[in-house]
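Below you'll find the structure I mean.
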Amino acid sequence: MTTPQHSAVRARSAAPAAGAPAIEFVGVNKNYLSHGETVPAVKRTDLAIGQGEFFSLLGPSGCGKTTTMRMIAGFEEPTAGKVFLDGQDVTGVSANKRDVNMVFQSYALFPHLNTYQNVAFGLERKKVAKSEIGRRVGEILEIVSLTGMEKRSPKEMSGGQQQRVALARALVNRPRALLLDEPLGALDLKLRQQMQIELKRIQREVGITFVYVTHDQGEALTMSDRIAVMNAGVIEQLGTPREIYERPASRFVAGFIGTSNIVDGHVDRVEGGLALLSYTAQDRVVVPAAQSVRQGDKLEVSIRPEKIDLHRGVPPVQATGGSVLSGTVTEVVYHGTSTNYTVATAAGADFTVFDQNASNADDLADRGDRVYLTWAPQHSYMIGD
Amino acid sequence: MTTPQHSAVRARSAAPAAGAPAIEFVGVNKNYLSHGETVPAVKRTDLAIGQGEFFSLLGPSGCGKTTTMRMIAGFEEPTAGKVFLDGQDVTGVSANKRDVNMVFQSYALFPHLNTYQNVAFGLERKKVAKSEIGRRVGEILEIVSLTGMEKRSPKEMSGGQQQRVALARALVNRPRALLLDEPLGALDLKLRQQMQIELKRIQREVGITFVYVTHDQGEALTMSDRIAVMNAGVIEQLGTPREIYERPASRFVAGFIGTSNIVDGHVDRVEGGLALLSYTAQDRVVVPAAQSVRQGDKLEVSIRPEKIDLHRGVPPVQATGGSVLSGTVTEVVYHGTSTNYTVATAAGADFTVFDQNASNADDLADRGDRVYLTWAPQHSYMIGD
Amino acid sequence: MNRAKQKIAPYLLVLPGGIWLLIFFAVPMIAMLSLSLQEGDIVHGYRFTGHWQTYTEAISAYQTQIYRSLIYGAITTVVLIALAFPVAYFIAFYGGRKKGSYLFLVLLPFFVSFVLRTISWRQILTDEGPLLSPLRDAGVIGQSFHILGTPFAVIGGLVYNFLPFMVLPIYVALERIDPRVVEAARDLYANPATTFRRVIFPLALPGVFAGVLMTFVPASSDFVNSEVLGSSDTTMIGQVIQAQFLDNSDYPTASALSFVLMLVLLIGVFTYARILGTEDVMKVAAR
Amino acid sequence: MTASTLQRPQSSGTDDAAQLKPKRRITGRGMLHTYTWLIIAWLIVPIAVMIAFGFNDTPGRYNQTWDGFTFKWYGRLFEYSDLTSALVTSLVIAVVASLLSGALGTGIGYALGRYRFRGSGSLNLIMFATISSPELIMGASLLSLFVSAGAGLGPVTITIAHVMFSISFVAVVVRARVMTLDRSIEEAAADLGANGWTTFWKVTFPIILPAIFSGVLLAFALSIDDFIVTAFTAGTTKTFPLWIWGATRVGIPPQVNVMGTLIFAIGVLGAVIANIRSSRQGKRD
Amino acid sequence: GVQGQGTQAPASAEPDAVAKFWNGKVKNGTLNFAGWPLYMDPKRPELKKFTAKTGIKVNYQEVIQEMGPWFAKVQPQLSAGQSIGFDLMVITNSFQFTQFRDSGFLAPLDHAKLPNYAKNAGAAYKKEAFDPGNAYSIPYASGMTGIAYDESKTGPIKGLADLWNNPKLKGKVGMFSDIQELGNFGLLKAGVNPAESTEDDWEKAAEELKKQKADGYVRNYYDQGYIDALGNGEVWATQAWSGDIFQKNLSDNRDFKFIIPEEGGTIWTDNFTIPITAKNPVDAIMAMDFFYEVANASTLAEYINYVCPVPAAQADMRARAAKLSGDDKEALLDVADSKLVYPTQAEYDKLHYYVAFEATSEQQKFQKTFEPIVLG
């Protein structure tokens, strides 16, 4: 395949796969017209999703995830910009002519057709030979573990089974990419977890690019190769789960993914790439500082709850190289695997501390206890915006 | 209030509050008649719930939670046995004459009445003076943060708001106990978590006994003072969240609450109250043994994933006093706050290991790595049944 | 291209049926209005003269029948509510797995032609028929006692014929009540009577309203029941209109009366539906 | 003892095993049960009379008093050729009218359920008006139209009228179905390579077909039993109800009872079979 | 002869109208015949004979029960020039006859095709005032409107006074809903000869009728259904048409009585007519003439007991009776001598013609005067 002439335009994060990306957005913009008003749903977006990637779109309700997805599928046309599939410009090509398939949140199975007929639907449209259809449907039903259910109609199957029919119906066409719009949204917790594992397995097995929409951050973290975090029509950050969790690019991302403790203060000193914020003689926060940070600047610092150590007494010497905040425990919640402490700190902010109920862990503190929180500078970071 | 003559009969676990328990079941049994067949829903149960307790009924679908609840509320009468409220026998007293109130899963708000009218309904039935009703409704709406919504009808409110109206409608009557049957079941994850916190706050504020039905173990663990785990009409275990999580009384409880790693083997040696199970020269499990355990017995041992340490090399000396199992990492799932490892062990069973991504934690291992799992004997236990 | 097609699609779909309704529902109303303002006779033809006096004459000649029809319609409706509510209540709350069967039994009359079942009543109630003859022979009733030809017979027939139309919507409304709501009322100290008064009945009201709509209009404009079961003492406006159209060919008078009746009923119906919302009513009507 | 003072909440349909020997008490529920059966009995009385008099060995034309049991009217069912042809007329009109209103009503119902478009409000209003208008007025106004237009009356005008009042019923039923139809099902079809035409015929139509079918059945039932509107639009044409109406004054022959009985039996049988089938389907869910 | 009348009749149809209508019309072998209930033997012997003789299949339907509804029913089709589905219909000489004729709804008769009529019709039946020259109609039968009653319940009844005052009849009286018929009896009760009545008389008559109703005498107003009401005991005495009672007694084995009220009754003629849009007019006119064969007139009269327009039929009946014996002979002779079939002068003295209208407006006035009584 020739390198398309638009390859100069690149999404913020380079696609991991070689050759043309499976899916590419170039300057895509989408406005809806609603009651005469223009509603911007997706703002100027460049994006490249690699071959075989498990790519997630994560973000709050209304941020434009579905719209993005529907532009890939061809149900919506961008107001501006272009969409490429495998390097080919498909902007303006209608949905039934695009070589990607979608798994709908509600499954959207054809209620009047049985499992076999549902799965065969796409192949029939492509005029694949009968025997070939039979073979491929059988094959895919095996992959999704539905062999023997060919004659069942959708309403005779459980939610999880329906989900897998929907998956099979899309996969059987061997699309360039599979689009999944909150495919597990309607399932209950247990089934949802089971299907997450199943989906991951299937993706590995078929090796097709998955574009996955969810607003469940846990799901996105555990399943994705890369995640795009969207907010108000804009991709705020794009990266691997670890990049996004450990180095959120914005306050929004930090808040949206996991719990973050955020504390602010004025820089007292900048030294060796670290900024020091003092609250009292003992209470201080040390954070890796950007070059531009100067004394007196107001900073916001974010620390994940699992990075913090909680001490009942004055913290040991080795910890004092980093941040120390004293405070009072206001809430202790036992979660089984872990215990969460809420601490009202001297820096003003309430901190959440996550503590694994590990083999060596005793109860760290009770409600009302005076405690000290410490963490290493490298586990905190300044947040932008 | 006089001590009722039945006080000799006590539930398995003593109620924490002094005086008569808020709710007490004595030899309660409930069968339904369905298609001419007798369906035992709750089997011979004794139970005492203390004043001001946050008490949860936890168990799988159909285990009898709702039935238990409905017998407290007076919607069902026990087939045998007696129900006491605050020491008074209320068996046979109809629902409208019992001083407990219920919050239904579907909210069961009166669709033709607005928020104010819904909340005032119970007080009106009790012929409370108009002005007093106004005062109390206003008060309770403030507690549930619904001030200003008085005129809204249920369908003009969000799920969470409806939930709070249902709560206010029950609480405003200052019942002896509040019964909540999966009150958060219909809410989405985020709202659910928010309402959990809210509920806990309200319970603290009003100090009323809450009997809470859920099948979500996480919810039960974080919210309850005590939990009764039910299975097939029987309370399998009753205790604090920690008791139940850390010392499940049965395999059922262990499996139902949290993740458990279960490994079986034959006892090689019993020594100092510890049983030793060897698999290979290095692979062994050491577990506190019951008196009855003899060499050669087959045992099942359970270990929680957060209690296990994972080592890439041969484990350090200090760990070898306990259990050691070698294995291969088959799955690494990054969860943000923690990472979960799945390890295929030499003992045959797949183990899950939970590792907090704490400040000092590096990546412990990658898929395919050969690793060693260790844990202290006291964190494992033999399971019955 | 595609978008334009999407835009005209609904119009293309609606057009045939819409035109049909326009020509055969809306236009006839205009034709009727026009006819009511014409003068002439059937042999020499009618001409439009704007002769509105036909209205005043027709109304003054037949006001008794108009009132009577509205009163019969109202009585029928009230009796229907009273008779149907308990039935709907029983089926909705105690019907259990037999709900469908009970509803089916209630709908059974619909499998017999309207005219035929009304005539069947005539046969049962006739002066020397199976009901009255034994009573007369036993001396329980007088020689000339009769049911046919009385308002009782006519209203009885109306009630009989429209009962399912009242049971059904009330049933649907009651069916929709979440049993938990009823339990909630009991939980909140309401005794059974209060629960009914404060919760069940108010929630059933939309069904009652729909039932009223579905029975009052056809009952007060009916002419079959009063023709078959009534006498000249029970003549309803429907019979007058029918007679003026189909016996006397007095089209202007008939049209004027129809128009008056339509206005009375439709204005009623539309204000009523405005208040309650047409959607609900239509939904029930479609059942 | 305790159980007998208990006021049972209505929700649980089952009896307690605790009430080993439940005393027969007059309960609200029991009274309602009896009452409901009384009403049902009342509803059935005229039907029973109709059926019974189809077996009446009446000598003359006046089938009024019981003269003994016979099957002979079943054998002589088609003796009155005009009655038979009235029945045939009714059937033909019902079939044509229900199919036509099925087609037209489906178009309207589909459009209303699927699209938002200018004029849908007025259309809804007209539909509501046709459903709630007195039949008498619809018949009278149609007659006015036909008379004004100088059109004769007959099977065609009857059919026109029946289609007119059935369209809205079909449309309402179809619209309800289309509105609950998950749009993403059609998108799924497009996603799987189906064009608009294929999507409609392979997916949308089969899914709404049951609704269309019930709409058509409803229209058929409305048409075959219609008397009032038909009376105004029939002219000299006789449908089954009109024939009976005409015959009331001069005696209804037992054949009418027999036909009524047969129609009743077929209708009931059909409904029962449909019900059993749908409940079987329901059980599989 | 019977003199029914409508509004002043125009002269008979122009001769070229006859030619124009009949030109090119041929026999088709079918005939749709609209008749009245109780107006022919249910076994239709005459029609079978007609079919045997001509090969014309006859579809006879008893679709007419009252003149107003019949006119209203067929008027739209006739106006539109469409077939009403009938080629032959029997209509009364009431004002609707005039409406039919004046609207141009009746085919002019080609008397050349009616040789039996010319030969056998009684003289009185060839000069009916409502259809001069019998341009559009020839009589089917004549009849009287009187009172029928169930003597076992009412005891003897003499006349209209009973229908107004006899306490035994309270709520048990049937009256006709036909405006013409009802008005006539109101007029007779008021002592007025309908044929000579004025508008004032109509008011008086209406008062009488309203009083009768207000006093609770009238059970209901009937069309042909009166006979059913009489049969099932709904009414005990009722306005009635002469021959119906004879047939009812015969078929149901009853013993109802028919009288011409002492205050007077009315006489009318029902006539064969051909709707202008008839598809088979030739077949129709053949049937008309067929009924004027003496033998056919005779058997028809024998069964229906209405006044026979063929005088020779009386002799035919007697001749046939002579060949019979016992009850059958008795019965046939009774018919031949019946005053209902061949009324004597004494009967004619009590009988009056219908109200005649000079103009449509008069007829409308008449109708508006009595209509509200029937319509409650």
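Residue numbering begins at 1 within each chain, and the chains themselves are lettered A, B, C, D and E in the order written.
Just so we're on the same page, a residue touches a chain if its C-beta (ideal position, glycine included) is under 8 Å from a C-beta of that chain, and two chains touch if they have at least 3 such contacts.
Since we're looking at a predicted model, the values are computed, not measured.
**Student:** Apart from subunit D, how do the chains cluster through contacts, with nothing moved?
**Tutor:** one piece
**Student:** So which chains are sitting against subunit A and subunit C at once?
**Tutor:** Where subunit A and subunit C share a partner, that partner set is B, D.
**Student:** Would you mind checking the shortest number of contact hops between subunit C and subunit D?
**Tutor:** So the least number of steps between the two chains is 1.
**Student:** Closest chain to the protein's overall Cα mean, using per-chain Cα means, please.
**Tutor:** That would be chain D.
**Student:** Looking at CA centres, what chain is most distant from subunit B?
**Tutor:** Measuring from the centre of subunit B, the most distant chain centre belongs to E.
**Student:** Which pairing of chains gives the most C-beta pairs in contact?
**Tutor:** C-D
**Student:** Provide the C-alpha centroid distance between subunit C and subunit E, rounded to the nearest whole angstrom.
**Tutor:** 39
**Student:** So what's the Cα centroid distance for subunit A and subunit D, whole Å?
**Tutor:** 55
**Student:** Could you work out how far the Cα centre of subunit B sits from that of subunit E, in whole Å?
**Tutor:** 94
**Student:** Among the residues of subunit B, which are close enough to touch at least two other chains?
**Tutor:** 75, 94-95 - these are the residues of subunit B that touch more than one other chain.
**Student:** Please set out, as single numbers or ranges, the residues of subunit C touching at least two other chains.
**Tutor:** Each of 126, 129, 180, 183, 186, 245-246 in subunit C touches at least two other chains.
**Student:** Mind pulling the subunit E residues that touch 2 or more other chains?
**Tutor:** Within subunit E, residues 73, 232 contact more than one other chain.
**Student:** Per the contact definition, I'd like the list of subunit D residues that touch subunit C in the complex.
**Tutor:** So the residues of subunit D touching subunit C come out as 7, 9-11, 13, 28-29, 32-33, 35-36, 39-40, 42-47, 49-50, 53, 64, 66, 103-105, 107-108, 110-112, 114-115, 117, 119-120, 123-138, 140-145, 147-149, 160-161, 163-164, 167-169, 171-173, 176, 221, 225, 227-228, 231-232, 240-241, 244-245, 248, 252, 256, 260, 263-264, 267-268, 271-272, 275, 279.
**Student:** Give the list of subunit D residues in touch with subunit E in this complex.
**Tutor:** Its residues touching subunit E are 60-62, 64, 81-82, 143, 146-147, 150-154, 234-238, 246, 248-251.
**Student:** Flag every residue of subunit D that touches subunit A in the complex, lowest number first.
**Tutor:** The contact residues of subunit D facing subunit A are 182, 184-185, 187-195, 198, 202-203, 206-207, 284-285.
**Student:** What part of subunit B is in contact with subunit C in the complex they form?
**Tutor:** Residues 73-75, 94-97, 101-102, 104-106, 108-112, 121-122, 125-126, 169-170, 173 of subunit B touch subunit C in their complex.
**Student:** Which part of subunit B faces subunit A closely enough to touch in the complex?
**Tutor:** Residues 189, 216-218, 221-222, 241-242, 245, 257-259, 304-309, 333-338, 354-359, 375-376, 379.
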